[in-house]
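Labels run A, B and C following the written order; every chain starts at residue 1.
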């Protein structure tokens, strides 16, 4: 409250500005529970309404902040999409490696997962960008994509491993007994089924990835977060700037989580009984 | 209401603990700005600003306890009342004056652009199409943005990272306050032999100590302290010690 | 087997040992199966009958001995096991249909991808086989929409789609509700009448009596008795077979 007063904001706006975020990550919208009022729609409508009200009632500074940000949004999406494109194949390879009966491959994949999971992403970003610069210099974007996709590749490796393991052994046996080799069995029988278990957690990882791209601002990458920091540092409007930044991240992640749940229900096509 | 309650509870405790001691100010600084403020090998915050503010506070009959803060957010902290003063090479600007109270200027600087040895530039115009780095939210960045020259400006968390990227050739130039630029270009090991000063801005900026807008009383006491420090020749001594001028 | 048949057996199992850890699952098992023969393997659970069946197409790897199909050693890494398996249809207790494929796709997948059969031809073959097992109307359904008996009939059709020389049945009716056992057995009986060489692990005595040429009794990883259905069911020799039949009947 004190901050509001100092920043010349009406005291009454704080309750509106409060956004409820489900604890422990995002709750994927549950289509089963239906209805218009659920946590997802409440959050989305709330976020959009708050943002719209702020921008119409106090265009200075809110609309100004909003206008300042699109450049950062482009970088945020660029880093996220490139990281997803790299992390998913990496996760698949890691997951398969962790399931491999070949000792060497298994050891490599497992060590990779152990090492990466034990190092915070922020440290990895610093390491690749600043520490490794001694030997090899890559741009901020490349460092960001390498750091994030290596980090999430390890997490996704576990997701893929679990998804593949969740496919009943009988499926593999049926496929092998028909004469399909290991690779064909994986491609035609196991992976398409594993996808169903894998999609929701992978989708969640992708959303988490989008949120974690905010860390790349430490490499002076001009992403959404960096644009916000830059704006706040210039204007000293911390409350206003970070409110807008938080709302934008929230709206994007809510929309993405909806997309994931739609994709998930699409993949359930073969489960629906007549 | 809550604040009052807290004060009522905390005040006696604070008074007891510092019954005999002088009034203590909590001072925030971002110690990544050598030689104005930085960490020595033992993680102590040292530098011109530290010594200067301690002298000023002593003259004003107070003590200063320095705490480390990230530059990004240092102003938000003083606004929120997390500490009393910011003593961190803060340039007095009209925008900042709108939001905070400043003491009288205690040191004047310019902005300097640093390049790798072998490169040259005599003004921002020569940096057209180049990549310029600096510390986020510092006047160096603002000056570069205001120049209107078409260049990429990258805002780092601290100037050291920008200097590091300059050495690594990821950026072409770094802009920062003159004492800091001179420290990196002339003094700091590993940097001095590879960097060179390209040019300095004509405009002069002045550093001031920052307090919350509603604490004019404190500003006045500090201003008196600055006066006394100057009169006693302590300032000249500190400038010699830290800035070698 | 001491069948005085001059022809080479399709399946030759010689002195096979298989261990799960330290437990012997197969102990010095030998068996020959000839073209057109219908072999039924019976025995208490844990007797190694499924393990023996699964060793034939190398779903289980044996520790010693020899198993050959058409004279080709299935455990020799030089031989392409995938080629051998294409010739051995297998039906599982749990059906193991591919749930993400329609019934038709379940049948056409292997012929198209493994035999390079044109899709149209594969679909015609599939529909013919579905007709044969009596569920051609479900061609475009997903397995989850079918009853257990229907699924198992599709599974048989899927194995047949590869036009194998021999069919292996691993307790095909054990997971079915009683009212569905009949429809699956009917399909198997018809298959037997068409002259398909079959090895069935099953407890269905009626089926064994109707179609089997040879009944094999296994217990504790050993083949204890081999004979015609009549020999086995009417005149059991081995005391453990006698005891087993008493429990089952």
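Keep in mind that, in the parts below, a contact is a pair of C-beta atoms (placed from the backbone, for glycine too) under 8 Å apart; a residue touches a chain by one contact, two chains touch by 3 or more.
These numbers were taken from a predicted model, which means no experiment stands behind them.
J.: Out of curiosity, which chains are bumping into both chain A and chain B?
T.: Touching chain A and chain B alike: no chains returned.
J.: Please name the chain that ends up farthest from chain A once chain centres are defined by their CA atoms averaged.
T.: The chain farthest from chain A, judged by C-alpha centres, is C.
J.: Please indicate the chain closest to the centre of the assembly, with centres calculated from CA atoms only.
T.: A
J.: Please work out the Cα centroid separation of chain A and chain B, and write it as a whole number of Å.
T.: 36
J.: Between chain A and chain C, what is the separation of their C-alpha centroids in Å?
T.: Each chain reduced to its C-alpha mean, chain A and chain C end up 48 Å apart.
J.: Rounded to the nearest whole Å, what is the centre-to-centre distance of chain B and chain C, using the mean of the C-alpha atoms as each centre?
T.: That gives a centre separation of 83 Å.
J.: Would you pick out the residues of chain A that each touch at least 2 other chains?
T.: Touching at least two other chains: none.
J.: Which residues of chain A touch chain C in the complex?
T.: Its residues touching chain C are 168, 170-171, 173-181, 184, 188-189, 192-193, 196, 269-274.
J.: Of all residues in chain C, which touch chain A in the complex?
T.: 57, 59, 82-83, 85-86, 88-90, 92, 94, 96-101, 109-110, 113-114, 141-145, 155, 158-159, 162
J.: Which part of chain B faces chain A closely enough to touch in the complex?
T.: The touching residues are 3, 72-73, 75-76, 79-81, 95-96, 99-100, 133, 136-137, 141-142, 154-157, 161-162, 164-165, 168-170, 213.
J.: So in the complex, which bits of chain A are touching chain B?
T.: For chain A paired with chain B, touching residues are 2-3, 6, 130, 133, 137, 139-140, 217-218, 220, 222, 226, 229-230, 232-236, 238.
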